[in-house]
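What follows is subunit A paired twice: with subunit B in the first complex and subunit C in the second.
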Partner chain A sequence: MPSAMTALATTTLASASATVTFSSIPGTYRDLRLVIVPVASTGTGDVKINFNGDTGASSYAQVYMYGNGSSAVSGSATNFATIYASAGATFTTAFETVITTDIFDYAQTDKHKTVLCRGNVASINTNASAARWVSTSAITSIVVGAQTNNFGVGTVISLYGVSA
Partner chain B sequence: MKLIQTVTVGAGGAASIDFTSIPGTYTDLMIVYSLRSNRSASGTTDGALIRFNGSSAAAYQTRTLAGNGSSANSLADGPSSTLGIYNYFGATSDLATANTFGNGSIYIPNYAGSTNKSVSIDSVNENNATATLGGIVAGLWANTSAITSINLRPEAGTLYNQHSSASLYGILKGSGGASVTP
Partner chain C sequence: MLLPFGILASSGAGPAGAMELISTTVVSTPVTSLTFSSIPQTYKHLQVRTTWHENTSGYVFVTANGHSSASSTAVHYLTGNGTTVASAGNTNWPGYWFNGFAGAIDSNGTSVFSAGIIDVLDYTQTTKAKTYRMFSGGPTTVGLTSALDTSLEAVNTLLFWTGGAATFSAGTRFSIYGIKG
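Our next item is the complex of A and B:
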């Protein structure tokens, strides 16, 4: 059975790093999926995503919701310089976090790019967000970054192409 | 993404849906399910309980966010003996509109690795009425064993009804045209 989801690139960190960069992304798929299993080098961190090196102050818009076990929270912003892939939840030094990020029509040049993120940190929250990159450019590179503290050893980040 | 196995419940129902002898050759697992239980005491919904490798040790933990069309709430559970899709959005029950099933997906990264197992669940219960439930779950199995079996069973009912089904997929990471640094 042909696979609708094709592995494009993956990394398992052997040393701490602030970023993981996917580049030379082929434009031959319909959508992309990132699977991020982060662990912090120390303390905690946030996972952020940027496309084609764009860190402009108002390049991303995002609406999010999360549940932390006692309350449900929702919010939004239209002036982010990055996409926060796991709203309201930091990754920790424990292996307990999984984040999936779906990027739709990433190679199209007739629309802004829509992103759906699902973040899970069982000791903190479960969250979902929808984001938009305010650009009609095809996505050819993705930077997955750690904010506050670096990605630690054992962090696994994989990129897949999804065929139409 | 490759299909490993599909289980479809036949006539008479089944107490659980089980995936066994799961090969360790993939990177991640995903289950896509469609469930209806025989719960008939009250309510149109049922939860779903998950165990890995048959383990009932109190090593499962969840954070849940659910909505019912008018409000949202959040639940924390664990350490517990099962990983639960609680708040009753794991499946429909026999009191729901006929021929409706709850649906969802369970994503398990690095299932064959030697670290604790995190889980991402999206689920919705279906009913042809104003009240239904949908939600998301963050799960954790604090066990470093590779997952070789998965058991899925109703929380309140005793059987999954005929036509309930679940499919297990394997996802394999690798290199296929893009570059990554580091």
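Our next item is the complex of A and C:
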């Protein structure tokens, strides 16, 4: 029986980069999963996710929660220009961050795209969020971006297709 | 860095692997429940992936093996609603079901779906109780749930139901996978 999870692409950065783009994503799966292990080239940064080049001011909505060792916080917004994959936590120059992002029914054109993110930054927090791309378009490209500072050498970003 | 897709990604099926699709159901006419029955006992764990919409505020309850009488379960929830983080739980839940997706109640626009993942660990083992781990979210909430069903039965049926007057809307999808181990 064929595997239900197929590795589509993986990149390990050999030099700093502000973005990693997955394009021409086939519409033959049901869900997508991103596994992101980022490190900052310098300082810290946020991991952002955008679909089909959409950076519109109200294209994304997100509700999140995190615990940072001293408090538990929840917030939300319906007017984001991106999805923040690790709520309340920036990635650092240390390899201490793992983020998984599940994108459901990415090729369906009868619904907005629902995304679940789980982030773990060892020195900052553990977090979870639910996000939505306010579009019924099928997702054909994904940009994983670093805000403030670039992804550094050794950053690994993998994309998987989940069949159903 | 741009990563175009080529032949490696052109097919929908890869070589045999650890995760296999068992069954998928997509709702075409509103229903109050969905059942996965005769679940193969040949895997180590199960994973259920779902996107759902309900016609009115409702829940996604989970019942294993058609239990119809109270049995002992334990459940804990951690939820964020955009303003506060809340936690609830019961170590002696007197029911045969539990709310699989705490806080992810959704009755928003017809294009707005909630999503969730349920992991059922060691589901075939008859020497241990069954552990459920759930992650879910929708337009207004995000939640983490853990549940324990103290029944030693191997899980061969999973029922997902809304309770009350809510129905799963068309486009709702439940997929169940077997994880080898």
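Quick note on the criterion: the second predicted complex is superposed on the first by the 163 of 164 C-alpha atoms of A that agree within 3 Å, B and C clash if a C-alpha of one lies under 4 Å from a C-alpha of the other, contacts with A are read in each partner's own complex, and residues count from 1 in each chain.
Everything that follows uses one rule, which is that contacts are C-beta pairs under 8 Å (C-beta built on N, C-alpha and C of every residue); 3 or more make two chains touch, one makes a residue touch a chain.
Computed from a predicted model, the values in this text were never measured in an experiment.
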When subunit B and subunit C are modelled together on subunit A, clash or fit: clash
First, second, both or neither for A:Asp105, with subunit B first and subunit C second: second
Which of subunit B and subunit C A:Ser123 touches, first, second, both or neither: first
First (subunit B), second (subunit C), both or neither touched by A:Ala61: second
Which superposed partner A:Thr21 touches (first subunit B, second subunit C, both, neither): both
Subunit B versus subunit C as contact partner of A:Ala9, first or second or both or neither: both
Residues on subunit A lying within both footprints (that of subunit B and that of subunit C): 1, 3-9, 11, 13, 17, 20-26, 28, 65, 67, 72, 74, 118, 128, 161
Residues on subunit A engaged by subunit B in the complex (per definition of touch): 1, 3-11, 13, 15, 17, 20-26, 28, 35, 37, 65-72, 74, 94-98, 100, 118-128, 154, 156-161
Subunit A partner contacts - residues on subunit C that touch it in the complex: 1-5, 8-21, 24, 49, 51, 53, 78-85, 104, 111-117, 135-142, 144, 171, 173, 175, 177
List of subunit B residues in touch with subunit A within their complex: 1-3, 27-28, 61-67, 72-76, 78, 107, 109-110, 115-116, 118-120, 122, 136-140, 171-182
Touching residues on subunit A, where the partner in the complex is subunit C: 1-9, 11, 13, 17, 19-26, 28-31, 61, 63-65, 67, 72-76, 102, 104-105, 108, 110-112, 114-116, 118, 128-132, 136, 161-164
